[in-house]
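In what comes next, chain A is part of two complexes: it sits with chain B in the first one and with chain C in the second one.
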Partner chain A sequence: MIFEVFRRERKGQPFQHAGSLAAPDEAFAEIYAREQYGRRQESVALWLVPREDVHEIDEFPDEFEMKYRRVDGYSIKARLHEARERAGTLDMAPGAGGTG
Partner chain B sequence: MDTRTEEFLEYVQSGGQVETGDWMPDEYRSRLVKFIEMHGNSELMGVLPERDWILRAPTLQRKLALTAKIQDEVGHAQLIYRVVEDLGKPRSACLDDLVSGTAKFHNVFHYPTRTWGDVGVIAWLVDAAAIVSQKALLKCSYAPYARIMKKICWEESFHILHGRDVILAMVTGTDEQFGLVQEALDRWWEPLMHFHGNPIPADEDPMVVWRIKSQANEEARQQFLDGYVPQIRELGLEVPDPALRKDEETGHWRYTEPDWERLRSVVTGHGPASAERLAFRRLSRDDVAWVERVVLAEAA
Partner chain C sequence: MSDRTDLLLSLADDELVLGWRNSEWTGIAPFLEEDVAFSSIAQNEIGHARALYELAAAELGTTADELAFDRAVDDYRCAPLVQLRRLEWARTIARHWLYETADEIRLEALKASDDPEIAGVAAKIDREEAYHRMHAEMWVDRLLATDEGRSRLEEAVDELWPYALGVLDDELRPELRRRAEAKIGRGLPDGPAVPRGVHEAELAELLEEMTMVRRSAPAGARW
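Take a look at the complex of A and B:
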């Protein structure tokens, strides 16, 4: 069996994928994981997951380009300029040399 | 070269990384397998020269440190063979090819360890040369290999320090101890100069072209010389190459050209300790075969 190994380096940190190991069963996998990924106190916790139990999703189609959900979907520069112009506060804008 | 392969090449050359399940050209896969397998073999064979000294280590502290280092190297072999397995070659096949002599391992592990001075020189300088190569592998285009290299480099840094400590104890000891270090250095210098391979230009080295390695052989050797020749000389040790000097204008080290034919002969199994080491590996594989059988029966 192949087990994927995830390790937590310090408390409060997320588990990160560390590598994999081959073992005949879970009991051996635990021994091997302790030896290979934890014997120097480099981990505070390990997760062992049989490789076939990992459900991977690696395609994220975005056919409709729903940009309104993202920061790069908004370009406010021109509108902000217009709003400041109307309010007469252009000199207060950052970088305008005013007091703002 | 077909379009898909061209695109792949362009991708890795621009820093792209490849995962196990991704499509890859056959040539890339077979070069990866051969290279990474040789690395795994080297970790496994690399423990034999040091193993010879576990029983003869001068103090308990040294014995423990040496044993820990050896355990690390075997652990590296485990991690590395795992990467090879995911690329399609089972570990048992790697071990078969290793003991039958068809697969290679690194040149430095084909030499005997005659004295405790050798143990120091190996742990300090051979590991230093290895770290230069391994650090460059952190940028390997094959991501699973690059990732485990991070762990390996972390452990190797302790090995270098252990080696340097052994050397320092000896060069500050009796004249005889100092002599053992110098004598070991004299014997190890040529293998060390061979270590990074012949100075093939980067654009002609397929390993660099596929971005399996990120630096040319000569670049690695220069980096090693730059880092370690001053450290060797400051201890009053002499590098056994009268031509060795740094060209201050170019910053490039000049040295006597090593015998590349000898390197080829050593890595193809004709080194001074090649036959003995392979015989020992074969013997221990047969000796522990029952453990594997028991483990598998227990698990079944």
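Take a look at the complex of A and C:
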């Protein structure tokens, strides 16, 4: 079995994926995870998840290329500049040195 | 030498030599995760040896390193069980489990010692040994679960049983038999123990190899 290992580095921090390990069952996985991810006191807690229990999603269709939905697809700065130009308020923009 | 240092050296020599023997699996264990785990267990044993040697060294006016590496073969007090070279996995697991089971009984007695240093170091060691026992018992369960595994383990346990008895003083041996028989679900052979003080030929070879680098440098060299 393959187990995905998540580790918490310090109390209060989120668990983050640390890697994976192979073990015949959960009891072996616990020992191996302790040795590989905990023996240097580098973790305060571990989560072990059998890989087959992970529900993976790896398709995100975007047939119409709706760039404005993407976090990196829409430059607000350029649009704002254009809008201010049209409205004649460029000098009121923060940092423009206007009287605003 | 006092009974106290004699006891400390017996414990330390057991842990050092078993740690060394277990480390012989580093790089060639049955699979990668086991390699890491078994190597880490070996390192822990050597760490326990160091803590015990330091207590003895304080009393004898020497250092842990000198006790670990500079004594003559006949001065080592380790049980013959840990001296044997067993490069076969079922035997390694049998020895690991028998030793950890015996060590648990011994540590229980030491934790109740009137000597606060000995009781303290025993308690510290026992907290790590708990994971070694978990590891050993898990492997025993796994081997017992199949016919082939059971027959290999039983053969190895029967062969090593007189050596396992030799880890403990007389009065603690019945408890080892009770726990070991309960775990594997059958009786273990009768017969005399192979006691501490008997030196297997493998011990001299092991010490030769273990001290090779240290002997290559002038006495007092710092590392």
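Everything below uses one rule, namely that the second predicted complex is superposed on the first by the 66 of 100 C-alpha atoms of A that agree within 3 Å, B and C clash if a C-alpha of one lies under 4 Å from a C-alpha of the other, contacts with A are read in each partner's own complex, and residues count from 1 in each chain.
Throughout what follows, a residue touches a chain if its C-beta (ideal position, glycine included) is under 8 Å from a C-beta of that chain, and two chains touch if they have at least 3 such contacts.
Since this is a predicted model, take the numbers as computed values, not measurements.
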Overlay done on chain A, so just call it for chain B and chain C: clash or fit. clash
After the superposition on A, what does A:Ala87 contact: first (chain B), second (chain C), both or neither? neither
Chain B versus chain C as contact partner of A:Met66, first or second or both or neither: neither
Applying the document's definition of touch, where does A:Pro24 land relative to chain B and chain C: first, second, both, or neither? both
Counting only touches as set out at the top, which of chain B and chain C does A:Arg34 meet: first, second, both, neither? second
What is the contact status of A:Ala78 with respect to chain B (first) and chain C (second): first, second, both, or neither? neither
Can you list the residues of chain A that touch chain B in one structure and chain C in the other? 21-24, 27-28, 32, 35-36
Note: in the complex, chain A contacts chain C through residues 21-24, 27-28, 30-32, 34-36, 39
Which of the residues in chain C end up touching chain A in this complex? 31-34, 36-37, 40, 131, 134-135, 138, 141-142
With touch defined as at the start, can you tell me which chain A residues reach chain B in the complex? 17-25, 27-28, 32, 35-36, 40, 42
Show which residues of chain B lie in contact with chain A when the two form their complex. 75, 78-79, 82, 85-86, 91, 144, 147-148, 151, 154-155, 295-296, 298-300
